[in-house]
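Each chain gets a letter, A, B, C and D, in the order it is written, and its residues are counted from 1.
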Amino acid sequence: MPEIKKIGIITSGGDAPGMNAAVRAVTRTAASKNIEVIGFYKGYAGILDKDFVELSYSSVGGIMEKGGTILRTARVPEFKNPEIRAEAARNLKDLKVDGLVVIGGEGSLTGAKLLFEEHNIPVIGIPASIDNDIPDTDMAIGVDTCLNTAVDAMQKLKDTASSHERAFIVEVMGRGSGYIALMSGLSVGAEAVIIPEVPVDYNELTDRIWQERKRGKINCIVVVAEGAASAYSVARHFENKIGYETRITILGHIQRGGSPTAFDRILASRMGYSAVNFLLEGKFGTMVALEKGQTVTVPLEKVLSEKKVLDPKLIDLVNTLS
Amino acid sequence: MPEIKKIGIITSGGDAPGMNAAVRAVTRTAASKNIEVIGFYKGYAGILDKDFVELSYSSVGGIMEKGGTILRTARVPEFKNPEIRAEAARNLKDLKVDGLVVIGGEGSLTGAKLLFEEHNIPVIGIPASIDNDIPDTDMAIGVDTCLNTAVDAMQKLKDTASSHERAFIVEVMGRGSGYIALMSGLSVGAEAVIIPEVPVDYNELTDRIWQERKRGKINCIVVVAEGAASAYSVARHFENKIGYETRITILGHIQRGGSPTAFDRILASRMGYSAVNFLLEGKFGTMVALEKGQTVTVPLEKVLSEKKVLDPKLIDLVNTLS
Amino acid sequence: MPEIKKIGIITSGGDAPGMNAAVRAVTRTAASKNIEVIGFYKGYAGILDKDFVELSYSSVGGIMEKGGTILRTARVPEFKNPEIRAEAARNLKDLKVDGLVVIGGEGSLTGAKLLFEEHNIPVIGIPASIDNDIPDTDMAIGVDTCLNTAVDAMQKLKDTASSHERAFIVEVMGRGSGYIALMSGLSVGAEAVIIPEVPVDYNELTDRIWQERKRGKINCIVVVAEGAASAYSVARHFENKIGYETRITILGHIQRGGSPTAFDRILASRMGYSAVNFLLEGKFGTMVALEKGQTVTVPLEKVLSEKKVLDPKLIDLVNTLS
Amino acid sequence: MPEIKKIGIITSGGDAPGMNAAVRAVTRTAASKNIEVIGFYKGYAGILDKDFVELSYSSVGGIMEKGGTILRTARVPEFKNPEIRAEAARNLKDLKVDGLVVIGGEGSLTGAKLLFEEHNIPVIGIPASIDNDIPDTDMAIGVDTCLNTAVDAMQKLKDTASSHERAFIVEVMGRGSGYIALMSGLSVGAEAVIIPEVPVDYNELTDRIWQERKRGKINCIVVVAEGAASAYSVARHFENKIGYETRITILGHIQRGGSPTAFDRILASRMGYSAVNFLLEGKFGTMVALEKGQTVTVPLEKVLSEKKVLDPKLIDLVNTLS
């Protein structure tokens, strides 16, 4: 079993609420075992620039409740270049980092996997992505907070929607996945949800909405994932087809912010705590996953060879209840 | 002094959080004096269609905390036609309405003023408009809730803005007034606020932001009132001038919704209570206003002959603190 | 396979946020299959009194976001009497209820189990209990909302705790289980958590807090489950032992209220939807459970013969991170 | 006109949300005029101990949204001793502080007044007190946030109160003033409010509640100011007189915490900005007050010779609407 004296942490890719709670948990768990911790700034860029901060039990106090990430984050496209990765590996060895915790989404975990495969860097991943698009874990850090933010916003729309006769189109995040759109739409009883996974027939959709209106339904909230269509194009369909007045909301990066929910604080704390324990058990090249309510490891290779798909039962559920 | 046996209420124009609290207060204050109350649906349309509901002490229970308006609302452009107003006046007299409470913004209050001037309908207005654009009252119903909604949303952006290097452009309501943009920008320490009242020089603005960035400022949140520019056009200026990556949020009607804040519940309760008392004192053709923390009446003619302007000291304040 | 034409629903025992979302999901799923639905008021009392309401697709509109339960709830101690249960069974047969959905905690599910065993009533349970004390399901309805409520409250305490030098004692719900106390304490980084599952040594505890204070720790938040001690008795220990000024918060029933979180809305919607489908599959005498992110059935007999225990790893986690 | 080169700030007494926004506004307004700013820690204690920090434009970034006070606060009873005040005055002169901004409640402002009268220290006060008990200003910093916190909590109680048949007793802050109890009770439509200003007749109160229950009113929320009675003693009256089951919530210091509302951020920003400008105009020995929506100065001597009383119209309003 390898001895671990120093752990490095990065937060990488799109930020997600709860990343700070994970940083805190890794740091304090390591500190309880007398392991040093350093946090690199701006993800892989910090490793390349040797731009880091020493983290201690007390320096991570009061960060759990903060949105975003105190380590900041960046997308580092040059990390696709093997020579750049080699440089990162050299830097990590120079700095005597015996374990690297990578907190982020698929792109970030791919970087981790390659550092492990190519340079034998003892990495462990923690899934953080508001899109819930990471396979092999029931939930990723940030999803729950993001959903609650979207639901709170849409709930406010319902108030005003009931006062007027209009369609409200809300664009939410989700380039490749309709998870946020579907789950937030379910949570507010939206009249329709437009997602990348299911082709939309605007004729059928606007007809249905029109029939419902005639039967007395006042509210009309349509949730659209940015990966399926833009709010503006959906609005045009409504206005052209049924002459419906529409109003648009684009939530944008509000969905990435906010103090994390209890769920995300707990999930991030558990995953950060487990990441250190798994590193000590030598489970390198893996990702911490939530499975049946327990934290387990899954090889990064497996995680990254799969694609998370939306449960079709959820789609039927939304259609039945809306 | 006229005897008042029956009061009618309408909520009209754009809905504002707190309208229900005003309806409740009018109803319960009237009920305590054995005055009947009816609520017309959809503003002036309900008067024209004699579409109304009897309101009682208990029927308005549990509505105070709801956003929107249980009486629904509508814009009724045909009310600009004097014959239509004559019809409304006839209906009110048929229904033996001795006092009409009009809860809404400038358009709605103009209708009230004309009903009073042309047909001697004993009206009293209650200012409700999230834009805070109604003269002669310190605050209108809905402003405080709207501001808090905008501030909560922008605060979430700050988290994620600190994690990345980007400009975040947030479009808020305010066609004719920059009040919401200015006050919400002040409340989150936005880097810039673009409002209809002050011409914007994009060269100067983007230069300043660029200088601040070079001095180490990470966040960049720009708030824009819809009446000054669209978020997209602001974003284009940033991207073209300084190559800044931008992200857009358009809050839209979220700003009209939500359970009212304590301030709006209290303001609406006080104004509704006072409206009934002022009607009983014969103060027709007036609007209830908040002045030095007290509810007073102001003639509708005066209110509607003025234009509320943004206090220039507030603009200097925002420039100093941001 | 039995034919199901009419389903009855009760919400029973302590109310939990999300119960309404479950009622809505059962009703709309049943309605989509042309099954009639009636909701009994006040749990088993409504069955005994034949006090119920017909529920339809539209009558459950707008209830998902409401805390509490529109069907109201009650504890009915006389339901321990077999003759009373026989009467309930007769009433259900009189009313031609072919399936009974019981939404509640252990006491309520025990009633359901007995109706099934003694009178062959085709029951299915949905676990709802803010204490998360129901075995065989990862989560019960209401837990997530309750936790977020407690965390929001404690987070506010942290602000003021950092400004002063005092200990803040917060009493949360949990007669038999320390789940809420432990998870909320974890989520805010409380300095100590006192739960029924772990005996507390006040000498050791106050010594530790005192040492931390001397090392510069400003905050001191102690969370106590009502089943372990009262806030007042904890405060006395602090004041007597270390002369610490203390301040007390007792959250009380605030923890049962509030609009449900996205998690609880989704969980309740999925469980309500599945409950109807499981009834149609003849899975009587069971409870809907969340297991590995899927809804499954577990025999009520099994559920009620077990006791949910706190995962000791969670306790170690809290000790490590606090 | 005196030249001001250096300003000192303290936050003193009970903390109130918005204090940080005031510190930020004073600092940035002073910085814009090239005035140095130092913040003393723990109120007057920091002046006595010369325990302070230099504040700059950037060091107050990101503090506006935080509850509590970054300068911490303390009650310093020995400040009643003239010799101690003389020492504080000497320290301020040693440190070349040309203007002292005191942010706090009546006790803190009394200290400021004495420093001005006895030692000619150029002080200016900013009213901050969640109780809204400071005369001559429409609002003090922190009141609005406190009210919203209380209202949010009570609104959650209403959900669960409607599900059960019980009385819920909520104890809120307010030793000498019933403002918070009255305004929060108004905002949630509480069935009764017990405040120090109005003697309570428990026979009459419990009779009324009982009659309302018999007429079908389900909810029963009673708000009590800590200065009038304890929640427990109110509960005993209910249980003894009418055998009513009761449940207790004691909000405690939660009411002091939380991120400030838009109102408090704006009020604190305006008052901090004005305080600096008023100091430059030589308006020493005064307090910044909000009057008719404008910031003005009032001599501390006047403020402290008066007592703010609850507007009796507000009490009638609450009785009429509840």
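As a convention for this text, a residue touches a chain if its C-beta (ideal position, glycine included) is under 8 Å from a C-beta of that chain, and two chains touch if they have at least 3 such contacts.
Note that the coordinates shown come from a computational prediction; the quantities given were computed from them, not determined experimentally.
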item: Rotation angle (°) superposing Cα atoms of chain B on chain C, nearest 5; value: 180
item: Relative to chain B, chain with the most remote C-alpha centre; value: C
item: Interchain centroid distance [CA atoms averaged], chain A/chain D, Å; value: 40
item: Whole-Å gap between the CA centroids of chain A and chain C; value: 28
item: Numbers and ranges of chain C residues touching at least 2 other chains; value: 155, 158, 162, 259
item: Category of the chain touch graph - line, ring, star, complete, other; value: ring
item: Pairs of chains, among all present, that meet the touch criterion; value: A-B, A-C, B-D, C-D
item: Residues on chain B engaged by chain D in the complex (per definition of touch); value: 24-25, 28-29, 32, 58, 61-62, 64-65, 138, 144, 147-148, 150-151, 155, 158, 162, 183-184, 186-189, 216, 259, 261-263, 265-266, 269-270, 273, 291-293, 314, 317, 320-321
item: Contact footprint of chain C on chain D as seen in their complex; value: 11, 15, 17, 66-69, 72-74, 149, 153, 155-165, 168, 247-254, 256-259
